[in-house]
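For reference, the structure is listed below as C-alpha cells.
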Amino acid sequence: MKIKNVTIIDTFAEAWTLEVVRVVLTATSTEVALGGAHQFAGAAGSSMIGSRINAGIERAALPQETPDGRPGVFVSMAMPPDQREAMLEEIELRIALASLVPTIAVFDAAVEAAPGETVNIHDKFSISSERWEGYDTERELAGRKQCVLPTTTGEFVYEKAYKVCTNGTDGHFVCFAESETAAVTAVAAAKEALTAVDGVAPMGYGLEQVFREFDYIPSLRDKIADSKVPDGVNSILNLLMFGASPELMRQAMAVSLRAAAQVPGVMYLGAMNFGGEFGKHQYHLHQLLK
Amino acid sequence: MKIKNVTIIDTFAEAWTLEVVRVVLTATSTEVALGGAHQFAGAAGSSMIGSRINAGIERAALPQETPDGRPGVFVSMAMPPDQREAMLEEIELRIALASLVPTIAVFDAAVEAAPGETVNIHDKFSISSERWEGYDTERELAGRKQCVLPTTTGEFVYEKAYKVCTNGTDGHFVCFAESETAAVTAVAAAKEALTAVDGVAPMGYGLEQVFREFDYIPSLRDKIADSKVPDGVNSILNLLMFGASPELMRQAMAVSLRAAAQVPGVMYLGAMNFGGEFGKHQYHLHQLLK
Amino acid sequence: MKIKNVTIIDTFAEAWTLEVVRVVLTATSTEVALGGAHQFAGAAGSSMIGSRINAGIERAALPQETPDGRPGVFVSMAMPPDQREAMLEEIELRIALASLVPTIAVFDAAVEAAPGETVNIHDKFSISSERWEGYDTERELAGRKQCVLPTTTGEFVYEKAYKVCTNGTDGHFVCFAESETAAVTAVAAAKEALTAVDGVAPMGYGLEQVFREFDYIPSLRDKIADSKVPDGVNSILNLLMFGASPELMRQAMAVSLRAAAQVPGVMYLGAMNFGGEFGKHQYHLHQLLK
Amino acid sequence: MKIKNVTIIDTFAEAWTLEVVRVVLTATSTEVALGGAHQFAGAAGSSMIGSRINAGIERAALPQETPDGRPGVFVSMAMPPDQREAMLEEIELRIALASLVPTIAVFDAAVEAAPGETVNIHDKFSISSERWEGYDTERELAGRKQCVLPTTTGEFVYEKAYKVCTNGTDGHFVCFAESETAAVTAVAAAKEALTAVDGVAPMGYGLEQVFREFDYIPSLRDKIADSKVPDGVNSILNLLMFGASPELMRQAMAVSLRAAAQVPGVMYLGAMNFGGEFGKHQYHLHQLLK
C-alpha cells in the first residue's frame, strides 16, 4: 500500500488502555487561555519517563463551544487505569496552579459518547478547606456545579466533577524519512491533522523521538544485529497520541498518517508493537487507511 | 509619583532569596524549541501551591546567541535555597522528558556575572546508567561537556553541568485597575518588557492573580475590615517574576512597571510586603523609577 | 434584549452586496502557509480607504481539508460587483506574489452552496506568457486544472479558475464598552468565534475603529449635536466582516455577537445603518440572536 | 571555506541601492501591533513582480523601545531611488489603512546613523484635508510632531515626518540543500537570526524561491545547458533582505548565513550576481564570514 511515494508498512500499533480526563480552560482571550493551557499540560510528556501525568493540548476552543461562551483551549490528560489515584492528585494540583492565571476557568470537556465514571475532584481532595479555606462558593452552570473563588483580579471558576473516560487508549505511528528535517516536517503536519478529532490529543509535544528502541536508531544501524532501519532512511520520528476511545484513535491515526505522507522525504510509515502480546489494542495501518 | 495618570504607591516589594538555574533549549526551529520549552517550563507556577519547581520562559534565543548556533528558547527555574535538592531532581526529570522532543538540545545559560555553584547534574543523578543504559557519549562544545544520546530522529544533547545562581530573587508588582481587561492588558504589556532583561523570567504565566490576599480582593471590599482596594479599582493583578540577581530584578521591575503604566484603566501600581520582616530584599518602587 | 449584562440594541446592520473569492493557500507547514497568507491578504483592510482589494484570513485549514492534503490557510477577498475587474487584477497580482513563497500552492476554496461564476484567472490574464514565459505546465487535481511552475525550491502550483460568489455581503456589529481594553478584548473574542463559519472572514484585521462616524466618537461627545455615544461608554469598536452569502453572514454575526457579550465592560451591542436606504441587506440583531 | 559540513561558495551577492523607510507600529498589545503590522507590510514581496512597495516585518518592539512606551512591531519598506514618489504614496495609503486598527500608532523608527532625507508625508499628501477633513490635531512627542485623530475606539496617532534612508540596499544568499524540507528549515533559521540586526528586514516573507533563474531550478537540471545546480542538491532557496545601509546588510548576511549552515541537509551557501555589472554593492561571502 502506498500513499503518493510513501510505503505504508503492513503492521499495527500496539496500544494500551488509558483513563482519560479532558478539560477546557477558558479565559478572557485565546492568548491567556493558551498560556494557562501550557502551564496545565506541561511537564507531562511521558509517565514512563517520570512525569506525574501524561497530557497534551488538543486545540483552541471557540467561544461558542465552551460552557461560559469565552475563548478556550482543550487539554486532555491520561494515565494507566492502575494509576488513577495519581492522575487525580496531579489534576488537583494543576487545577490549583490554574488559580494563579487571571480570568481562567476550568470545565469538564469529556467526550460524551465515551464510557466513564464521574469523579468529584473538588470533594475528593477537600479543596475547599485544604486550599481555599472555605472562601469558595458554588454556582451552577448548565446544570453542572462549579466552584467559584474570589480573587484579586475577579474570580477563579472550576468544575467540581470530571468524567474519567475508562476506555481510552494511546496510539502512534512511526515516520521513516530520508532526513531529520523531513521527519520533523512530516510529523508536524500529522499533528495538525489531529486537531480535527475531538477527544484525541498529542502526548506531550506529540512529535516523539525514542531512545530505547535501538533497532530504530539510524546511527546504530551497523551495530545492531536486527536493525529495523531501512536503506535510505536516516531519521525516524513518531507521533504519539492518546484519546478517549479506540474509535476516535482510529480516526486520528488515519488523518495524521495521511498528512505525514504528503511531505517529501518520507519513505515509509509504520508502527511499533510487541507482537500484540501486551497491549489491549491493535491499530492496523492498512485497515485504517483503506 | 505618577507615570502618566498612574499613581506609583510609595512602597516596596518584599522578596526572598532564590537559587536560579537558567538553560537554553535549542532545536531545528524556534517552533520546536518553543514546544520543548513549554513542556520544560510547564506545571511550574508556584512551589508554594505545590509545583515541584518554579519556572518561566524568558524569550526566544536567536541562533547566534546559542552554543550550537540554532534557534532556541531561554528558560529559567528557581527554588528557595533549602530546596535545592528538590530543584535539581526536578530539573533532571525535565531534562529526561526533553529527550522526547526531536532535535532538542539543552545547554546551561546562566547569567555570567551572577555568583553561583556549578553542579554536574548528569553525574549527580547517574543519568548515564539510570536512564541511558550507558549508550551515551561525551562531546565537548566550547570547552563544556555535553552528553550525547543517539535517538531515532538524530541525537539528544544536553550539558552535564549547570551553574546554580545562589543570589537569585523573586520580584513583583501589583497593578490596580478599573477593570479586569485593563489589568490583564497592562500586566501583559509589562511581561513583554521583561524580555529585555536576560536572566529574569516570569514565574509560571507571570500574570498572577492571588487568592490568599483577602485585603486585595475587590469583591470582598465591603467584608474585609482593612481592605486595601482603593476606590474606583475593580481588578488587581500582579506580575510575578524571578531572576538571577537583585540588580537584574531591579532593572526588570523598572521596565515592566513603566510598560504597565501606559495602559488606560490602570490607576495605581504598588507592591506587597510584610513590613520587610521576612524577605531578604526590598525593591522600593520610587527608587526603581526615579 | 440582554445577553448577560449587555443590552442588544434593537437595530440592524445595513449591508451591501459583495463579490467574494475564497482561496486556500497550502504549504509544507502551517507556519509557511500563514506567512504566505499574511502576504496574500495584507494591505487590504478597506477598498473605500484605497486598498485595491478587501481581504481577510479566515482560519487555518487542516491537511485533510485541502486539495493536496497539506496544511493551509483559508483567505477570502471581496469587492463591490462593479469592481470585479479590479478585484481579479489584484488577485492575479497576489497569486504572482505568492510564487515567491516556497512550497506554497493556491487553490479555489469557494463555498459550494453559494451562487457564482467561474473565472479562469490564469487565461484571462495570460499569466503563462505574461509571467511564466511559457515554462508552466498543467496538472489536474481532483478534476480541477492547476498551473504548475518549476521553481528553485520545488514547484509553485495554483488553480487556474476560481468561482466568484456573486451573492456575498459585508456585515458588522458595533461594540459599546466602558473602556478601550474592554472594547478590544470583546471584539477580539468575537473574531475568534467567526472561525467556525466557513466562508466568512474578518475584513482586514477585523477589529475596526472608525473615524468618519462622528456621532460614534466618544471624545467628540460634547461637540456633536446628536451624538450616539451612550452614558458610561468610552470606547466603541466594530467587528467588520464579509462572507459568501447572507445566510453565512447571519450565522457569523450571531456567534460573534454572543462572544463579545461575554466580556466584562461591554455595555451595548448595536450596528450602523443609513435607514436601510442604500444597502441591499439588513441584519436585524434581535432576529439573529433570538 | 566550510561552516560545519557546508561549503561557502567563493562568490558575492550583487545588490542595488534602495531607499528605506522604517516605522514602528505600537498598540495596546503585541498581538494587536502584529495584526496591524501584517496589514501594513502585506502584499509587498516584490516590486519587480508588481507589488507597489517592498516591505518586511523585522521584529517585535518592546515597550521600552517605542516612543509611547507600548508594545510594537518594527516594519521596514523600500523602493529603488527612482521610485520614491511611488513609495511615499503607498506609505501614505498604508498609514491611512492603519487608522482602521484600534489603538495603533505609527512612528518613524529610522536607523539613526544611516544618511537620509526627512519627508513630511502628512503635509506632502495633505492628509489632514484629504482624509481627515480637518478633524485631526497635532501633538508633540519627544520633539517630534504627531497627527492625532479622534476615533470611535480612542485615537489614531501617527508621526508626520519620516526619514527616507538613501543609502539602503538589498541583500540575499542562496541555500543549496538536499531537500525541500532542509532548504525551508535552513532559511527559516536564517531569518530568525536577522532579528538581531535593527534596520534590516526580510523582503516580504523573506524565504524566497525564484522562478526566473532557470539555471538554479533543480527540476530543469538536465534541460539547461549551464545549470548551476550541483550534484546532490535538490532544492534551492534564498533569503531575501533589505536594510538601511551596506554595513547593516553585511552584519545581517553574516549572522543569517551562519544560522542556515547549522541545518542538516544544507550542502552549499552561495549568492547570485551578474558579474557586478549592474548593482552598486557586492557582498562577498568569504569576507562576511571570515
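We call the chains A, B, C and D, going by the order they appear; numbering starts again at 1 in every chain.
One rule holds in what follows: a contact is a pair of C-beta atoms (placed from the backbone, for glycine too) under 8 Å apart; a residue touches a chain by one contact, two chains touch by 3 or more.
These figures come from a predicted structure and were not determined experimentally.
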| item | value |
| --- | --- |
| Selected from B-C, A-C or A-B, interface repeating A-D by over half of its contact pairs | B-C |
| Chain at maximum distance from subunit C, centres defined as averaged CA atoms | B |
| Copies subunit B and subunit C touch via same or different residues, half shared test | same |
| Chain centre separation in whole Å, for subunit D relative to subunit B (CA means) | 33 |
| Distance between the centres, which are taken as Cα means, of subunit C and subunit B, whole angstrom | 39 |
| Cα-centroid distance, subunit C relative to subunit D, in whole angstrom | 26 |
| For subunit B, residues that touch 2 or more chains besides their own | 28-29, 31, 154, 180-181, 184-185, 188, 263-264 |
| Residues on subunit D engaged by subunit A in the complex (per definition of touch) | 31, 178-182, 184-185, 263-265 |
| Residues of subunit D defined as touching subunit B within the complex | 28-30, 60, 62-65, 68-71, 154, 185, 188-190, 192-193, 195-196, 255, 258-259, 261-264 |
| Residue ranges of subunit B touching subunit A (in the complex, touch as defined) | 28-29, 31-32, 35-36, 38-46, 49-51, 93-94, 96-97, 99-103, 132, 135, 149-156, 180-181, 183-184, 187-188, 204-205, 207-211, 213-214, 216-220, 235-238 |
